[in-house]
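Quick one: this structure, given as structure tokens, is what I'll be asking you about.
Each chain gets a letter, A, B, C, D, E, F, G and H, in the order it is written, and its residues are counted from 1.
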Amino acid sequence: MNDQQLHELLQAVRDEKLSVDDAAGQLQRDGFDDLGFARIDTNREERCGFPEVILAEGKTPEQVVAIAGRLEQRSGRCLITRLDDEQRSLVRRTFPSAEVDPLAGTAYLGLVPEMTTGHVLVVTAGTSDLPIAREAETTARVMGAKVDLVADVGVAGIHRLRAIEPYVAEADAVVVVAGMEGALPSVVGGLVPCPVIAVPTSRGYGANLGGVAALLSMINSCVANVAVVNIDAGFCGGYIAALIATRSGQPRT
Amino acid sequence: MNDQQLHELLQAVRDEKLSVDDAAGQLQRDGFDDLGFARIDTNREERCGFPEVILAEGKTPEQVVAIAGRLEQRSGRCLITRLDDEQRSLVRRTFPSAEVDPLAGTAYLGLVPEMTTGHVLVVTAGTSDLPIAREAETTARVMGAKVDLVADVGVAGIHRLRAIEPYVAEADAVVVVAGMEGALPSVVGGLVPCPVIAVPTSRGYGANLGGVAALLSMINSCVANVAVVNIDAGFCGGYIAALIATRSGQPRT
Amino acid sequence: MNDQQLHELLQAVRDEKLSVDDAAGQLQRDGFDDLGFARIDTNREERCGFPEVILAEGKTPEQVVAIAGRLEQRSGRCLITRLDDEQRSLVRRTFPSAEVDPLAGTAYLGLVPEMTTGHVLVVTAGTSDLPIAREAETTARVMGAKVDLVADVGVAGIHRLRAIEPYVAEADAVVVVAGMEGALPSVVGGLVPCPVIAVPTSRGYGANLGGVAALLSMINSCVANVAVVNIDAGFCGGYIAALIATRSGQPRT
Amino acid sequence: MNDQQLHELLQAVRDEKLSVDDAAGQLQRDGFDDLGFARIDTNREERCGFPEVILAEGKTPEQVVAIAGRLEQRSGRCLITRLDDEQRSLVRRTFPSAEVDPLAGTAYLGLVPEMTTGHVLVVTAGTSDLPIAREAETTARVMGAKVDLVADVGVAGIHRLRAIEPYVAEADAVVVVAGMEGALPSVVGGLVPCPVIAVPTSRGYGANLGGVAALLSMINSCVANVAVVNIDAGFCGGYIAALIATRSGQPRT
Amino acid sequence: MNDQQLHELLQAVRDEKLSVDDAAGQLQRDGFDDLGFARIDTNREERCGFPEVILAEGKTPEQVVAIAGRLEQRSGRCLITRLDDEQRSLVRRTFPSAEVDPLAGTAYLGLVPEMTTGHVLVVTAGTSDLPIAREAETTARVMGAKVDLVADVGVAGIHRLRAIEPYVAEADAVVVVAGMEGALPSVVGGLVPCPVIAVPTSRGYGANLGGVAALLSMINSCVANVAVVNIDAGFCGGYIAALIATRSGQPRT
Amino acid sequence: MNDQQLHELLQAVRDEKLSVDDAAGQLQRDGFDDLGFARIDTNREERCGFPEVILAEGKTPEQVVAIAGRLEQRSGRCLITRLDDEQRSLVRRTFPSAEVDPLAGTAYLGLVPEMTTGHVLVVTAGTSDLPIAREAETTARVMGAKVDLVADVGVAGIHRLRAIEPYVAEADAVVVVAGMEGALPSVVGGLVPCPVIAVPTSRGYGANLGGVAALLSMINSCVANVAVVNIDAGFCGGYIAALIATRSGQPRT
Amino acid sequence: MNDQQLHELLQAVRDEKLSVDDAAGQLQRDGFDDLGFARIDTNREERCGFPEVILAEGKTPEQVVAIAGRLEQRSGRCLITRLDDEQRSLVRRTFPSAEVDPLAGTAYLGLVPEMTTGHVLVVTAGTSDLPIAREAETTARVMGAKVDLVADVGVAGIHRLRAIEPYVAEADAVVVVAGMEGALPSVVGGLVPCPVIAVPTSRGYGANLGGVAALLSMINSCVANVAVVNIDAGFCGGYIAALIATRSGQPRT
Amino acid sequence: MNDQQLHELLQAVRDEKLSVDDAAGQLQRDGFDDLGFARIDTNREERCGFPEVILAEGKTPEQVVAIAGRLEQRSGRCLITRLDDEQRSLVRRTFPSAEVDPLAGTAYLGLVPEMTTGHVLVVTAGTSDLPIAREAETTARVMGAKVDLVADVGVAGIHRLRAIEPYVAEADAVVVVAGMEGALPSVVGGLVPCPVIAVPTSRGYGANLGGVAALLSMINSCVANVAVVNIDAGFCGGYIAALIATRSGQPRT
């Protein structure tokens, strides 16, 4: 409940259009739907600009579709991430019109906004980082950003970075997805004038410690415009990049 | 053997009602049953107020039911936790009257005490923390506490915490079950006047390190009334909360 | 602002005793004093039963006394912990009547409640754990509990634990302070019928990892009534124990 | 050298206005000044929008002022961070007009841009996080953003967060500075519609592991709009927030 | 090659009973059999008192039996540890007279020495530590020690430790096998006058970190007579205990 | 593009044999083939002396053969490492002439250079380190080095190290592959006059932490000629050793 | 109180030579002296063969001498370890006849037993490990073992190990003190027929992690006769070695 | 003692030019000088090509000069590393002709070989990595390599790497010294055809974990020609690079 809504409610109390009990109830229960196993945040979109997103991992397929149904009903759209096969299958059956991406593990219900404002560039260090990059791409796209994806420009052949040059000038935010030593965000960060969201991946072996080595590398970046999200968190990377891009973006010719 | 029992035994020696050898034997072997693979603590209830609880993990199904049988025989009740499918199946066949909860992985033999004293509130940050919360709930309930469970009030939508308000005033202890960043216990701790037992869960991915991230977060809580138990240790959370609640609890009107 | 206060405020709005703007202001700014560098939580005592406690570490001496003065003014009492020499000196000069304990690093302003309800037992594994134990003891005492402290009953000579026997029966909570391998809380936990709050200390050397070894040991306790707080957090240990004890405690004869 | 500059250079070669050797030299040595111990990145401002910033830590005072002098000469301005006392003293003597902040450990040479576009909100969990927050504030300010700083709104008294409400609507980015359990960014993230840059601090003790506990907490945030920078990296937090804000910001009335 | 053998070889050279080339060859290739994939240490028994023991883990079943065959041929006996099902099956088929223990994962070829000297006591904290304890028991037994095994005397019911009293006086070494918090070796160490070899196990869950928590606890023991071997290394525990016991042991009446 | 090629290109521009746009394009896109999911580094061989090597892990079988086909076409040869069964099967079907090693998980397309220059010695501590050692051996061999492999000379029987003596004098680089405590590289390092590349393996159990214990041991080697690569990175060990050997090597008689 | 003493006490009760209350008191308070800040274990020598040893670290100088005085009074001897300068100075003044070793940080009060039985060999990897080795040497010596110390035989020059050959045959236990990669215990373990107690030291730099790297190396030793104590725990190493040696040792000719 | 020397010794025995006892003695005591606190490896140069190098850290100044004097006497030269002020001062006084570098913490006694063969390139990421780079430079130079040092080419401005281009073609080995995220070795590795020895430094702050973050980054390098040494181990980096360079190097035109 924002400031204006609060004043209106209190005015309604004063004007005796609203009873004291009802007002107290509204002040106390405002903002969520209770499904028993889940408490849906129904004013997330109003507060944060995008409805609650469902992390499928750790939920039963039935819980996933129940929450998705309620969110779509409330907001007209719903994004689900990290779907396993069983969950994805039930989502498809329940919402035949959903846009489902098995590689990225995502499903989207509702209309994708027209891409009129804000550009996001997603870059991967290696071929095996693609699923995480796709999660970022899908997320940013359904949030209304224009997204370009450039794969496999890792630092072992630094000249391959020239592949991102056509996109640098107009990108409002760059998502860099990298495993192993996680060096790419630092190198990209030094080449672009916008924020870089670094997504460490668990790709690699041995002392990569499930992605912790890449995470540490990115957190210690010597470049100032790099911020980091969780290991394999393509969703978060895409989300923040889209927030930045749609905020900055203006239609371009 | 408590102080009074010790005096009685020594008096019996002096009165020549008990031989020196027998007294020495009693002093040395007092307090456990030896099953070979297990040594059941037969005076735990006397010492600690509740009989020994069986952690099924790492035991064969046969060992589980053998220990359970002996404990029930001794104490009239027995709680088993972290049962896998095979163990649970043998428990059901062996003790048809047992109250078994597959989601929580628990089984209880014997009567549940009437809920007359002490209130425990169990809160979860997310939907996927429910199994651990159920383990806590069952444990506290069979120990004699009244238990309420409120799910999915994670900090991403802090207003959802209003869902716990009806229970705060009368709760004697709160169990907060949370994975990922484990922030919920600190927030709840600042809202309630009773102890909060924080149960970190292994829910999450990437840098959650199997729950260690949530555990560290809870241990470093800036709120003074938060104490922490092991990752996924719903049982311990419920146990301590029930100890507190049944100690403090008086019937309320 | 609790439920009753909220109704009263709304009733005042309806009764036109309170303007809508003033009501909105009260709903928005309720509950803290702003000192610029600190925002004092003025309804902590109402919410949690004890006023905000000052962690001196990381604050300037001037900040410490400014916050302490305001808290004492509001609540009539104030506890400060982890005072270094310079801070303690300024506290003494500013509040000559404060009860200051250099060993524990604490200072207390105001009256200590009479000890009528609730018993806390503080136990240490070694002599060098005493400063942390004293912090726990002071905290529990100023919160209104009766406290006994038994030192140096580490597990190397397990028979020394008999020194705690006189206190076990009436203790409502036990605080166990231990460094090195941190085994003592598990042993004590198996001997008492009440909750045990384990406080790991940084005492020890080599692979104790600044107390992390003791912390891990306590978190993995095989005894169900042990919950853990931060390394060297004597304050938290005493705080939770006092919460439990004053809740359970009834005057004893 | 950007695309247009490259074409111009090649055209000059074709037009025989530039020799082949000179063109090759320019293509190879373009973009840095060599001081022997440092290689100043002279086209950082062109590439990234802000000149190179000097991390004083690990450099001799003489190296710091030599690099600062060259950068100011090149770009007309220069920001230095993490100055110790000896370095700061030489900076003051060498650049009497520098704006020096001992608490934040920063110095700035040159004019601060007028604050016409973009708002950054800096929030701290505790009083002891202030130095890091000041580093963030100064950085964002000299990069051209309007900055507000709200201190000590930690999650132990969640209602104190109302202190940030006046700034939420117009903030383009929020920097949240927190130590201990690092829960604040998640809570703030759920309340604002813009990106949150989380800065973990080394404040706290025991199992905070020098800030690693707070870092892990933030990386595992259940809120999608939180990205994280290094422990105590107020500079990076402010830098990224300013990048976002100055990109999105439009003059407001 | 020991000192005496070296003198004899050199004397044979001087006496022209051995050519220089042959002597050089013996000095260079003395002491192992080369199977290509393995290089069997053929004078381990002479040097260390017991022939090489085969760690089956990581070897193919064929490699295991090939090495076992060669060792038995050389030494008349052979111990194999950590056998999986497939390896154990081939060992049984190849060496029908082998003494195989599926629980402990061991196989022994050859005669077990008569138990005339030295006593080893193996103690476990819990029922689920039994497989590791059995590995220790078998190892110590085939090395010639008398072994007693007492299970499930964990610290949660410290009085159960009385079950080891009958064995303490005559034990030359104690092996203590414990998971979870790993407190038992410290407690036992304070009760016995001989060395305690602590074997941490991976039993437990959550923050036990696969046994690292128990390992750290044991390494930080406050008791001086505790030394530690690898997690789940029942073999090493039994081996060292037997070395100590057979060294100290004298036939007892 | 090297210095000479750059001059030639610029000269062609001046001579109007090459348009400015084409030159700019070449300068920007020089050096990789874009397969969409992968960006093949086509001048790696020119820059680094050996074509790009494919790490199969994390790629689909189809991606592996597509990249391999392109690399073979470009360079006439191609090495693939860490092939799983499914990938290896498709490689075999697609490139029937490939030299495939299931134990090492490698495949090689093209001719192996004649072994005329440079000797590499590969040594393993145990039998179970063989697959990693084979990966190193194959890599060094296809890069043109002569390779000898000596297995199972671990430090438990230090005299077995005599098995490497025949190779020490002529080795230009030694690869030491070891798990568990990782002590072998230090011992070998003290015996040879050439660089030792240490490859820690994940072999072992318990506190080996998946090879991190061996890695730490090698990184802390007290011997100056030991450098370390990733856990189980036989490929890197063989690669660097071959670089050293083919650089130093001269044909030997 | 041992078995025989227990029978005698009970017999005294039966014979009415001892009152029930006195007997209960003895059974409850047997075995320690209470100094307030310390609880001295007065039957440690009877139970464990050597009186309690004082770890000075973390105690005030006054506490150290008070405990030492009481122990010497009770047992006629007392060993103190890890004395800092201030503590050592007070020990010297209070006990002028104490044998004090500043390098090892030890002090010993009382007579050293004549060396008639049992041999301990102490070996160090480097010169900088000497203080820890001296602590081990002193401890073993005052416990009645003959001790030889051989310094600086690290694995970089494995032939230097020949310096220990004269002592191997008669050693009953070997203490190996090593930092950096901690490889020496494994090598020594393969050369001797008795137990090896490995003492990791914090010597080294960088990734030695304060001795944790050496500790891990030793715990993962591929040699079966190696057991490990805490980092820098020369005292424990010497203590266990002396226990083994004095148990096994017989005067040798 | 090499193969030829062994044959000569045995031949001398056969020819009765050497007694059996003397031959046995030579075989047993060959190769070190015993200073009591140190055992100097006198045939290191013969075995490994360079005499033992003294790590001053952890030794007393007197021990350092005693070892240095003996080594210089034996080999005519001696390198000392990691000298603190006190040690360096005594070295200067004792060996006035020594070449001492306070920045690098090194001292060298004896003649530096003429630089005729082999080129080493030392590269640093930042200005604050210079001391470590200097240690590498000095080490490689006194071992006979030609060394070039290029400072401050970190990845934040990747074009600065062009500063190394003049040296790439003729370098036989590259030492890359970098802290923070440690990304530089991967980037350089992709640009050069020779081995890269990566030296992580402890430079940085926060989550750099004293250099462990950079170490992990380098160990996980996606480039095959990168091997890693200990944190801040400039000496090892220079040593291995010189081994490679002097082996490969031939005078170039």
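The working rule: a residue touches a chain if its C-beta (ideal position, glycine included) is under 8 Å from a C-beta of that chain, and two chains touch if they have at least 3 such contacts.
The chain lineup, named per UniProt: A, B, C, D, E, F, G, H = AIR carboxylase.
Being a predicted model, the structure only gives us computed values, none of them experimental.
Chain pairs B-E and F-H differ in how many C-beta pairs they share in contact, with the greater number at F-H. We define each chain's centre as the mean of its Cα atoms; on that basis chain C and chain G are separated by 38 Å. Averaging C-alpha coordinates per chain places the centre of chain B 49 Å away from that of chain D.
Inter-chain centre distance (chain A to chain E, centres taken as mean C-alpha positions): 54 Å.
The set of chain H residues touching two or more other chains comprises 3, 28, 41, 44, 126, 156-157, 165, 190-191, 206-209, 212, 215, 219-221, 230.
According to the touch criterion at the top of this document, the contacting chain pairs are A-B, A-C, A-D, A-F, A-H, B-C, B-D, B-E, B-G, C-D, C-E, C-G, D-F, D-H, E-F, E-G, E-H, F-G, F-H, G-H. Across the complex, chain F is touched by residues 28-32, 34, 36-39, 41, 43-44, 47, 52, 57-59, 63, 67, 82, 200, 202, 210-212, 215, 230-233 of chain E.
Chain C meets chain G in the complex at residues 126-128, 130, 151-153, 156-157, 159-160, 162-163, 165, 203, 205-209. Residue ranges of chain A in contact with chain C, taken from their complex: 3, 6-7, 10-11, 13-14, 16, 20-21, 23-24, 27-28. Chain contact summary for the complex, chain E toward chain C: residues 125-126, 154-158, 161, 180-183, 186-187, 189-191, 204, 206-209, 212-214, 216-223. Note for the complex: chain H touches chain F at residues 3, 41, 44, 47-49, 53, 165, 172, 190-195, 197, 215, 219-221, 224-230, 235-236, 239-240, 243-244, 247-248.
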